[in-house]
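Common to both upcoming complexes is chain A, partnered first by chain B, then by chain C.
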Partner chain A sequence: MNAALLPIIILLPLLGALLPVLAIRLGRTASAWSAAALSGIALGLLLTLVPQVFAGETLLYRLDWLPAYGLNLALRLDGLGVLFALLILGIGLLVILYARYYLSEHDPMGRFYGFLLLFMAAMLGVVLSENLLLMLIFWELTSLSSFLLIGYWKHRADARQGARLALTITGGGGLALLAGILLLGHISGSYELSVVLASTETIQAHPLYPATLVLILLGAFTKSAQFPFHFWLPHAMAAPTPVSAYLHSATMVKAGVFLLARLFPALAGSELWFYLVAGTGMVTLLLGAYHALFKHDLKGLLAYSTISHLGLITLLFGLGTPLGAVAGVFHIINHAIFKASLFMAAGIIDHESGTRDMRKLNGLWRYMPHTATLAMVAAASMAGVPLFNGFLSKEMFFAETLHHSWLGAWHWLLPVGATLAGVFAVAYSIRFIHDVFFNGDPIDLPRTPHEPPRYMKVPVEILVALCLLVGIFPAWTVAPLLASAAASTVNGTVGGALPHYSLAVWHGFNLPLLMSVIAIAGGALIYVLRHQLFALHARLFRPFDAKALFERQLEQIIGYARRLTALLENGSLQRYLMLLVASAVVLVASGLWGSPLSGPLPAGEVDAVTLAGALALALSAITTTLWHRRRLVALIQLSVVGLVVSIAFVRFAAPDLALTQLSVEMVTIILLMLVLYFLPQQSPAESSPLRIGRDLLLAVAAGGSVALLAWGVLTRPYQTIGDYFMANSLSGGGGSNVVNVILVDFRGFDTLGEVTVLGIAAIGIVMMLSGLQLKMPTADAAGRPWARERYPMILAVISRPLLPLALVVAIYLMLRGHNMPGGGFIAGLVTAIALILQYVASGIAWTQQRMHLDYIKLTAAGVLLAALTGLGSWAFGYPYLTSSFGHFTLPLLGEFELATAMLFDLGVFLAVIGSTLLVLANLGKLSVLKHTLKEER
Partner chain B sequence: MALLVSLLIGVMVTCGVYLLLRARTFAVVMGLIMLSYAVNLFLFAMGRLAATAPSLVGLTGAKDVAADPVPQALVLTAIVIGFAMTAFAVTLALRANSELGSDHVDGAAPDSSAKESAE
Partner chain C sequence: MIEILVSFFLLVGAAFALIGSWGLVHLPDFYLRLHGPTKATTLGVGGMIIGSVIYFSSHGETLSLHELLVTLFLFITAPVSAHMLAKAALHLQLRSEERTRNRNDV
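So, the complex of A and B:
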């Protein structure tokens, strides 16, 4: 029951992300309040679950989503999840309060809170997921939402570039993680954490373990800004400071170390894990600590310090020992608290003095003593001074580095490296405090600094109080949280025992204490010598801008992509068609390759009539192609092809097809002649012999492969599903014309789709024709003027009596269609032709005077009728488009049959008439309009 | 018969593809129509050509082989949809000709700029 709160905790900020965007209309405070209320409620809900988790329970919530793919909406709350969710919601709440005062009047605040809540939801999803695939989705969402937050000041180029850099690196890592998680799921047989964490031996003994580990670590290291992917983090400082405080200290970058902690039971403990994770952590720790000292930008110093501390946490997990993991989890808590408060303090200084350059900021103690005190406490914690929380976890870290045996004779490397990093940490912490608050007077500050608004300091005060409380009374404050989080980190699923560790401030005189003393003394010494060191650093290291390198690389890749695109797509449709046909030929030919061409069946006899028809067909097809530049002649040849195809349908026992083809043939040719009137009558001879040769080759290749394919199929035995339709047509569909029954009954839904497409095409054509400007030809290709007499008398006289006859034929075809060749399509086309004949013979004006039909409405009515017939079967409790039929007897006419399918066919009939006439009448109107205009002139 | 029909389909596809690759829209539309004939015939032939009676229940005599109704139903709708496609394509060609001043498929003949300046 309680676990059902888990999805709500995630959904509150996820769906609520819209709330601040809407609330901004009520003012900035309302927007901030709505964001705060949402995260406050989520935090409250979380707190109700905390006692159960502290008691050793793991809450699971599960909702099947795509179980076939192992993707379920499975959530989990254990100690580690509680720790992170508390950090995300707690610090998130403080950041919301802080940002209310930090953002200026010009910044769109609603959008800021919207993005922030979205990010918060994504982070909560990552830390509360039980299903690894689900976690991955949220992981990607953190990358995307942090992109939006870093690029929040979108008018600034550095913000946009920093956001892009961060997205590329973390997004790329996300891809590697996806592959790693898929491998992990493959190895352990499930994507559920409970299963994965319990199959440590299987995973680590598997031959794919190294690949899995490297891929997952790529995801974690990119997210946590580990060397060599660390360079995106300093550039992400282009974000507003509340974002930096939230994303780049407490949450987003912690997602990487969270992943290390989450999968610690499954992946850690191997030699490979130690060298990869601890090695990367150590390099990052030292590199970050060293560079932090030489940054003049306040946020730059904090960024590199964050990189260094993340390296420290990574190193602790990399050791692979339970105590190392405990220390890692503890440092996650402490770092989040002091780094968030330091970023907020840096934001206050920036906000109130107008700069973050430590060469200008000096002696601010006089202007903002309150802020200075807060910053000093947080910085002392960062440096690892006793009585502050950072000291405790750093002490544990020093102790852990001392007893590790993997490195053998090189075992001293770890403690020495750790101490060295400690020295630099102390040095840059002193610099942060001394340079900014003391060290003489400020130099040309843009603004006169003063204390910030009261409530802007409250979040910092809360965090600093926590630094002290945890630092002085660890056992009464952080102990249960740490114990529960560390237990679930080390043991995975079952709440097993933890190795002994002590949270006391004083452990007596020992080696870790000595290391701390060396760090503090050494750090102070380095700070005193800083000016010489700055000069040395400037001589030794040329400034190296990773962002510029990245931008250059990006430009280059885009350049390659452009060139490749230009190579393939030069804008010529003619060329695309050529490539399309060529690829189709290659595909078909490669499919045919190697299989025997002929099947076992005999080719069959050919009778003389069929042969004659075939010759006529081939001849007219070839002449169409040969004479294609004389368009009217080619069109006539093409119509012969269509005619012979219709006859072929008759020859091979397909009367329905023959009727359809014949009527479509007429409509098509009339249509093309109408269009040809407005187009050039001749195509210029512009193809080079080379191109003609190439096209011919391609055409023969295409025709040849299709012919081979047809031959291959026709000489092989086959089985048809047609027997089913033959057997069920009369009993199931009530008609003996099986083709028609398939169309209106068995596959009625397809037909409905088809008439809809027909209607859409017709309406699209009308749209294309509206407002069309055409050049009116006055003479044909040979220079002969068009005939003045537009409507030939004989045609008009013959066509008029033909109309009722044609309509009777159409109705007859329509009615008998269910049992004999005919049906809605054919009847519709016949009616359309009969009406078009009137247009052709007597003109549009004459016809429209006598016939008031809105073809758009007719088409719509047809489609609707067909669709509603289908709906009708719902009323009787049958599936859509179930047809029913019955036999009735009328005097005189005798017995006849009525079927709902006929109603459907009537819809088809109307839609076909409507759309055919819609196209032709509108095209025809163009010529009339033009003629009238001309004569008026 | 199988050989003859295969050859016919091959000839029609060859002609259709050749027309499809021409530079002017009208030829392309004709190629499209030719190709639909070929495809329809191909689809139809998949139901085999031995039939001597249409697929009407109760009409088939003892010696007759009824035609396979499934490819026929497919081809019937394909013919109608093919008409809609042809009509759309040819109207597009018309509109393109009036908007771009050329009926070249690429919107403008490759040497049109030279021609215009000469005029």
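So, the complex of A and C:
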């Protein structure tokens, strides 16, 4: 029962993402409240589950989705999940409050909260998934929703480019991750985490392990901005600061290290894991720490510091030891807390002073002492000063680097690198505080800085208080959370044993403490010498723009893709048709190669009537081609083809098809007439004799291969599926018209799809036609003007009584469709033709005055009705679109049959009318000059 | 007896259809040719429908009158389409034979 709360926790923000968008009409505060309420409820639900997890339980929720593909809606809540879900929802709540005061009047706030909730849901999905494929879906969703968040200020080019960069890199990593997870599932035989985490030996002994590991790490490293993919993160700083505070402290970039932690029991511990993960982490740690010092942009400094801290966490997991993983999890918590507060403080400074340039921002202490105090605490935590939370995990980190032996004689590399990174971390933390709040007076700021609104500081205060509480009383605050999260990271289950670790602030005089002292002293020294270092840095490193390089390469790849596409797709319809037909011929030929053409059966008898029909068909097809340049003549020839086909249907006992073919034929002719009106009546000769020869050859080959195929099939014995339909139509579908029962019952889902496509196509055509300006021909090819009488009286008068008659026929066809030739499709076409006749005979204005039908709504209603009929069978516990029927007797009328398939058929009927008229009426409108329309009204 | 009757009407209808088609091919100008198909659609189809009514009424249990609906539709639409064709021809001032009657009234 409790586990059933898990999907609700994810669904609340996912479905609720629309709420703030709607609530914005009630004002900005209402919008913020709705977002806060949703995440607050989700947080509350989560908290009710926490005691169970702390007690050592792993909650699993499972709903089969596509079990055949291993994809299930399986959710899992263990210690690691609790930790991340708490961070996501808790910091999310604070960000929502903060953003309410950060965003200006001009920013669309509803959309902001909508995106934020969507992102929140995606993150929750990632951390709560039990099924790896499900996790991947949410993973992609985080990429997409973070794209929307980073590009929130869409009027700014840097925001758009930053968003695109982040999406390209994390999305590309997602593809690698997909491949990696598929391999992982292949190796361990399941996509469920419980199975994967329990098959460590199988996975690491498998020959595909290296490939799997590299692919999964690519996904994690791109997301967590590890070297060499780190460069998207600083560009993502173009986002509003609340977004940065959320994405780069607790969520988006933490998804990568979350993945490392999640799969730690299955993948970690090998030599390859150590070199790849710890190596990448070390490089990123140093690179980020070094660059952070030299950024003049406040958020730039924080961005690189984030990269560096992510490198630290990656390094810790890369060590592959249980204690390393504990320290990694601990640092995830601490970093999330202090980095979120630092981003918020930076946002306040930017908001109140108008710039983020540390060369201008000086001496803000006098203007905003409160904010300055908060920022100082957070920065001290970032630097790893004792009594702040950052110190604890950094101390653990230092201790872990000392106890590692993979590198043999080079074992000193790790602690030295760690200390060096610590030195830089202290230096940039001091710079963040000293440059901004002290260091003289501000230099021409756009605004006079002052303290922000009260509630903008509240989230920062809460986070800073947490920094102190965790830093001073770790055992009373963070210990249970850390213990359960670390246990599930190391063991894959909550209950497993953990190595001993101590959360005390004071461990006595030891090597890690010495490393901390060196870091703090060295950092202070570097900060004092910063001006010389800045000069040296500028001389040594030419500014290297990874983004420009990336964009250039992207352009190049797009160029290749364009050229490749142009080879196949040059815009010529003839070319496409040629390729299509030619490949069909090749496929048929290769399939037929080597097998005897004729089967054992003798060819059937040919009677004179069939032969005559076939000849007529062939002849009219040939003449259509020969006369194709005289378009009207070709059109008439084409209608002969259709007519002969429908006669053939009658001959082979398929009256349904004949009726359909006839009505489709009529609609087509009207459609083509309308289109031909805008085209010259003569086509110019465009093809060279060579091309005609080629096409002729191709046509002969295609026609020949179809004939051969038909011959081959007809001379072989085969079992059709027709017998099944014949036998089950009446008993299973309740109708004796097999064709109709196939359409509405056996293959009802196909029909639903077709009707939907029909509707979409019609709406697409209308969209293409809207606003189209075409040159109206005023005369025919010979220069004779059109007749002056637009709507001949006899036609108009006679066509009117035809409408009710035709409608009666349509209803008749519709009603008897289940048992006799007819059905919704034919009835829809007949109705459509009758209505079109009114348009043709009496004009658009006349018809629309008398008939207020919105064809788009009609089409939609039809599709909806058909879809809902299918849903109805769910209510009775049957599969989708199961038809049910019964026979009823009424006095006077006698016995009659009612089937749910008729409702479905009604939907088809409406959709066919709607989409046919949508296209024809809109095309027709084009052919009527605007002023004549007005005249008629 | 019934069979002879049905065959008679079918033959009459077929004959009219044949004559109409023949005329459509052989008559010299558009206005004359217009007469051909009108014969085929009215008298030709009419004959066959009568044959059909007799056949199905004698073989089925009840009187078969569906076919009359076909006649009704045909009687409404055939003259209109012929009328529209003639109107179009007049508008386009198609060539007509010297011998065609009433040609000067046009």
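In this text, the second predicted complex is superposed on the first by the 588 of 937 C-alpha atoms of A that agree within 3 Å, B and C clash if a C-alpha of one lies under 4 Å from a C-alpha of the other, contacts with A are read in each partner's own complex, and residues count from 1 in each chain.
In this section, a residue touches a chain if its C-beta (ideal position, glycine included) is under 8 Å from a C-beta of that chain, and two chains touch if they have at least 3 such contacts.
Since we're looking at a predicted model, the values are computed, not measured.
Asks: Would you sort A:357 into first (chain B), second (chain C), both or neither based on which partner it touches?
Replies: After superposing on A, A:357 lies clear of both chain B and chain C.
Asks: State whether chain B or chain C is in contact with more residues of chain A in the superposed arrangement.
Replies: Counting residues of chain A touched by each partner, the higher count goes to B.
Asks: Between chain B (first) and chain C (second), which does A:648 come into contact with in this model arrangement: first, second, both, or neither?
Replies: first
Asks: Between chain B and chain C, whom does A:551 touch in the aligned arrangement: first, second, both, or neither?
Replies: Neither partner.
Asks: Touch check for A:792: first (chain B), second (chain C), both, or neither?
Replies: After superposition on chain A, A:792 lies in contact with chain C alone.
Asks: Is A:802 touching the first partner chain B, the second partner chain C, both, or neither of them?
Replies: Once the two structures are laid over each other on A, A:802 reaches chain C alone.
Asks: In the superposed arrangement, which partner chain does A:784 touch: chain B (first), chain C (second), both, or neither?
Replies: second
Asks: Contacts for A:769 in the overlay, against chain B (first) and chain C (second): which applies, first, second, both or neither?
Replies: first
Asks: On chain A, what residues does chain B touch that chain C touches as well?
Replies: On chain A, no residue contacts both chain B in one structure and chain C in the other.
Asks: Considering only the defined contacts, which chain C positions touch chain A in the complex?
Replies: Against chain A, the touching part of chain C is residues 72-73, 76-77, 80, 83-84, 87-88, 91-92.
Asks: Can you list the residues on chain A that touch chain B in the complex?
Replies: Checking each residue of chain A against chain B gives 571-574, 577-578, 581, 601, 603-606, 610-611, 614, 617-618, 621-622, 624-625, 628-629, 631, 634-635, 638, 641-642, 645, 648-649, 652-657, 660-661, 664, 667-668, 671-672, 675-676, 678-680, 683-684, 686-687, 695-696, 698-700, 702-704, 706-708, 710-711, 713-715, 718, 720-722, 725-726, 729-730, 736-739, 742-743, 747, 750-751, 754, 757-758, 761-762, 764-765, 768-769, 772-775, 819-821, 825, 829, 912, 915-916, 919, 923.
Asks: Provide the residue numbers of chain B that touch chain A in the complex, in ascending order.
Replies: Per the stated touch rule, the residues are 1-30, 33-34, 37-38, 40-42, 44-59, 66-70, 72-73, 75-77, 79-88, 90-95, 97-98, 103, 105-106, 109-110.
Asks: Show which residues of chain A lie in contact with chain C when the two form their complex.
Replies: Interface residues on chain A, with respect to chain C: 784, 787, 789, 792, 794-795, 798-799, 801-802, 805.
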